[in-house]
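Input: a single structure, listed below in structure tokens.
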């Protein structure tokens, strides 16, 4: 706690760039490390979830992500549910034009309404592929399309907004009562962004199976400039892990998963996120670098197309390899953007850890 | 307090860039948020005051600013009171020439004396538009033109310098005695810049209706390089809010308004300023980006034309939209420079606040 | 210790760039300063060891380094033991191509197996030159080639990896048991990288004659991005010096040498490393600038050619003079990359110290 | 004090860029401010000393500096005492060539021996102009040329090196015993650089009339890279001011002047130096910007031409006006490099101070 003035104090918060992992007294062989992540009834080979962003997730890449051992999530308010065939829209959104032009173009393309029948069709396509089915809606539309989700029988349902609270006040009848919704609903719900102890605790009490920590789209959003809102991730994940620990006791043993969502652009960041207390990470920009990414290297989030207050930039990333190479290697670049799983595995081996849960307890250093 | 040496200590101070707002446990709908600001007899829709700088304020844009729900302020020592028709001067000041050339050109153009009859005419023009009439003078000229101000019957009179104190020592008969002046004067006076608890407390005791915190012209002045004087805004606003709290008790209930003036270039900064304790903000550079701004994107403050010690740079900002779009949207850029009101509203909604006074109490985080 | 959350703390760590040496109350003449470093049976004129990296060490430059008063170390898993005549491979590795191309090329060139007979031949070449013979292996291959090392009768054997522990767990029969190995082995062993008090203490207890602090290849590796692992050097060296102090007491007087290995690119960094507690430094990038360096200015470490997870970049340094000029001067550049010994000597003279051991006790300042 | 390790601590130190002056509760008119500085028998209009660097000081500019109210100092080991007419040498040193070329060229040009008869002639030229005569030698040559200085009857003699101590140990008979020298010598001696409490206290006890705090040549030297030695100026000046306070008591009233020498490039830095406790400043780079500067905008210090370990870069500064305009204005640029005296005066006026001694007590803020 630092003083702004005699009676006004502020808490210091740290980003992933502020912290680092230090080698310990033991090392292990890579082959000893188990990266598996068990949540609800499903065990994933990798603790990596793909962000439901149109730039990286199509039905095909969502399936590929799951095939590689992680979890793909399709955005049910994106191009794939607004357009029968979004090829033309993707072509427009991946042209090399300036930010003002692309912002206006996004505002127009995403003005097309979402269609229920397309939601159903896309979810059937995922189900047919035999992989875990996961899809997302924004908090504002969850109530409206809950029946679609319910009927489709998802494995995981993701409610993802810039910030989501268990107590949304005001705004009429169609506002989501998160607690009622989750308890009525059979599918495990992953919900966020959230960034503080109290807000996370409330989401846990509302029944969330997992919480997304952060704002997502770390590489693309401009929430700090537009809203003044910012959550340095190392502190945010660490705070929410604290809430998880307290809730575990309060609930008599219900373990809520923590998924770091934002500022996770390199394998080293994944290791740091877990070292801060996360069970898994949600990644966007590394996947934007894969050849199969529908955004062809361009990357954008849903806050970028807001009709009156856009809060995200479209950003370009050089493409480096296939989806498989980005996620499980082999890597051909030394910057941490390929072989995400290999980077995490090596980081754990070098510090002597064999599984995600114990790696959460490693001590971090803070560099200036 | 940090040590410079055994007996020399310095207080740490933070800028708006050092702090951020974190989401809380509640959220609200945008429609629940009330941005209105009541000061003296007037209620404004928006807590946004336009800076009395020639680059952004002409009689027309001052009127437009008030029409949009904020407050426009005309500089009574600027081009509009030195020249009957300043078109030619604006043309020269908005040419793309280097800093040395423009500094000399400003020194020449502003050497033309201020004319009382033009002051009167400009103020009548504002009055005729039916909006609240507000205008500014520097502390050095306030005494000299007080009678003009008095006769014009302003709604708000702004005394604005780099730094203003309630105790100016020495310098002859024409020096402003702020306390006498304010008490003799009927119009509510907004006065600054001020940056510390004690200086602000003295201005409050002198009768100010509001104090301007900071130096203004954050984007253009070079006070730090030339004078070594600098006031990181988050700490300055927070300190002055502390003074306001103490003065409120000492005075038995007189509430002095705090207007953050400087380093408020994006909607996120407005949110942070209020979160630090401000009631309103004075903005310059965002308005310089509006199509109607008389500076056509060029932005400069009055310290820039000092005859022997210029302390400001003329800076260029890309024009992004109309005055209306900049102030109340819709925005087409994701960097916080358009739809200032919308950004503030959304920031409050996302953190669960409905009005300015309660938003002043939100806790901030300090990032490294 | 700073808080990440209520129950999660992180230790602050400082890099060489964060600290500085301040002049003291005494000064001395350069001629009064003795830079000699005695380890085991050998006394070196300079406390400077060359890093076993192919970019700087050939048999010829290893000999030259020792001739100049320091210690050259040949990498026994580099080009010189994979190829009878590596001229063609050096030519390919020093072409000006992009990072992706060079990474793939390194992966291919270093896929060629290491050959025992070449190890023997290279070591004989060093021995024949009459200088101290020192060579390195990675921890993973030490067991396999221990007999070669043993037969060759080295003066110093270096085990060097990104991180080495005294307790490597799992991984099959060929895993190195460091303690057994060192005690069985006659040659003094220098081993690292290591970065923390506990890990260093264990290496000391395992019998190391010296520990390498850091990761090496400071100028080229990307461990922080890929693994999230980073050790700011001022704190790491200082921590390991603490372990040395404690081990000295625990062992009843066995003095283990500390060699700072990484982020030592300028003579000022060498002075800082010793001021933090090091006895000597291992340098790479300054030697890459010498005309005789086989990398011709290009510099890379062994982590750069990992087959599935490369963690190093090839970096270019302008060549500034001969090996001799770089190490002992005279210098013709004012940036600390030439006359490394002279820079260290002058730093000690200006602060009034005459030998390495006493210079380790100088107090540092920390600048923001 | 911060921890590097359990038993190794470092003191935090701050630069002028880390601190700032904040407005206080009083303001004053510029005309109320007195900038005069009295040292020994002389009262200067301005507390500004010109650095004895060939790039800024010729006999002519030294005289001009004194004429303007400050103090010019000629370097007695520079071009003017090595060459009868250094025009050709200046031409070579002000050519636009790269750093390596210019370093070698400086090493050659300054290899020419210093000539006693030229020292005498240059000092007579200063004396003839009727201004205070001040000149400098390095500590290494002071003993050798003391008799010249003594005979010339200077008003101030400056001993200036990177770091000077009252206890130089070893190095033969010709080593300067500062205490003996000063006590034997009639002229007031200004000596430095010095950067810490203890070292300064010893210089004060040795009889110095003033101490130079810092290394000088802030804009050009590379001491931090080459030697690892660095002294953030705000802390250094503040520490030495502490020593002055203690010495004043210990000596029963002998007041030693503190002259900040280094990192004083803008008028704001001058104000900060005095606010930290300095009585005056020694400036180099601002004068390099004057049209009359013999370096024609190129700026270099004596450490740049060291024969085996050069520690300074030649740096270019755009020329902005005459010597007079740079020192006392009027200014035509808003960056603090013109009208140094005016900037200091305005800074004091805006914070309510009338003289240098009281301005030393203003409280500083530390920004992040």
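As written, the chains take the letters A, B, C and D, and residue 1 is the first residue of each chain.
Following the convention adopted for this analysis, a residue touches a chain if its C-beta (ideal position, glycine included) is under 8 Å from a C-beta of that chain, and two chains touch if they have at least 3 such contacts.
It should be emphasised that the depicted structure is a prediction, and the values quoted were computed from it without experimental measurement.
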Indicate whether more than half of the residue numbers at the subunit A-subunit B interface occur in both copies; give same if so and different if not. different
Among the chains, which one keeps its Cα centre farthest from the Cα centre of subunit A? D
Chain-centre distance (mean CA atoms) for subunit B and subunit D, in whole Å, is 40
Taking each chain's centre as the mean position of its Cα atoms, how many Å separate subunit A from subunit D? 57
Subunit D: which residues touch two or more other chains? 12, 14, 235
Each pair of chains that touches is included here, namely A-B, A-C, B-D, C-D
Mind listing the subunit D positions that touch subunit C in their complex? 2-15, 18, 99-100, 103-104, 107, 162-172, 175, 193-196, 198-199, 201-202, 222-232, 235, 304, 307-313
What residues of subunit A sit close enough to touch subunit C in their complex? 12, 14, 16, 19-29, 31-32, 197, 234-235, 238-239, 241-242, 245, 266-272, 275-277, 320, 329-336, 339, 342-343, 346-347, 350-352, 363-368
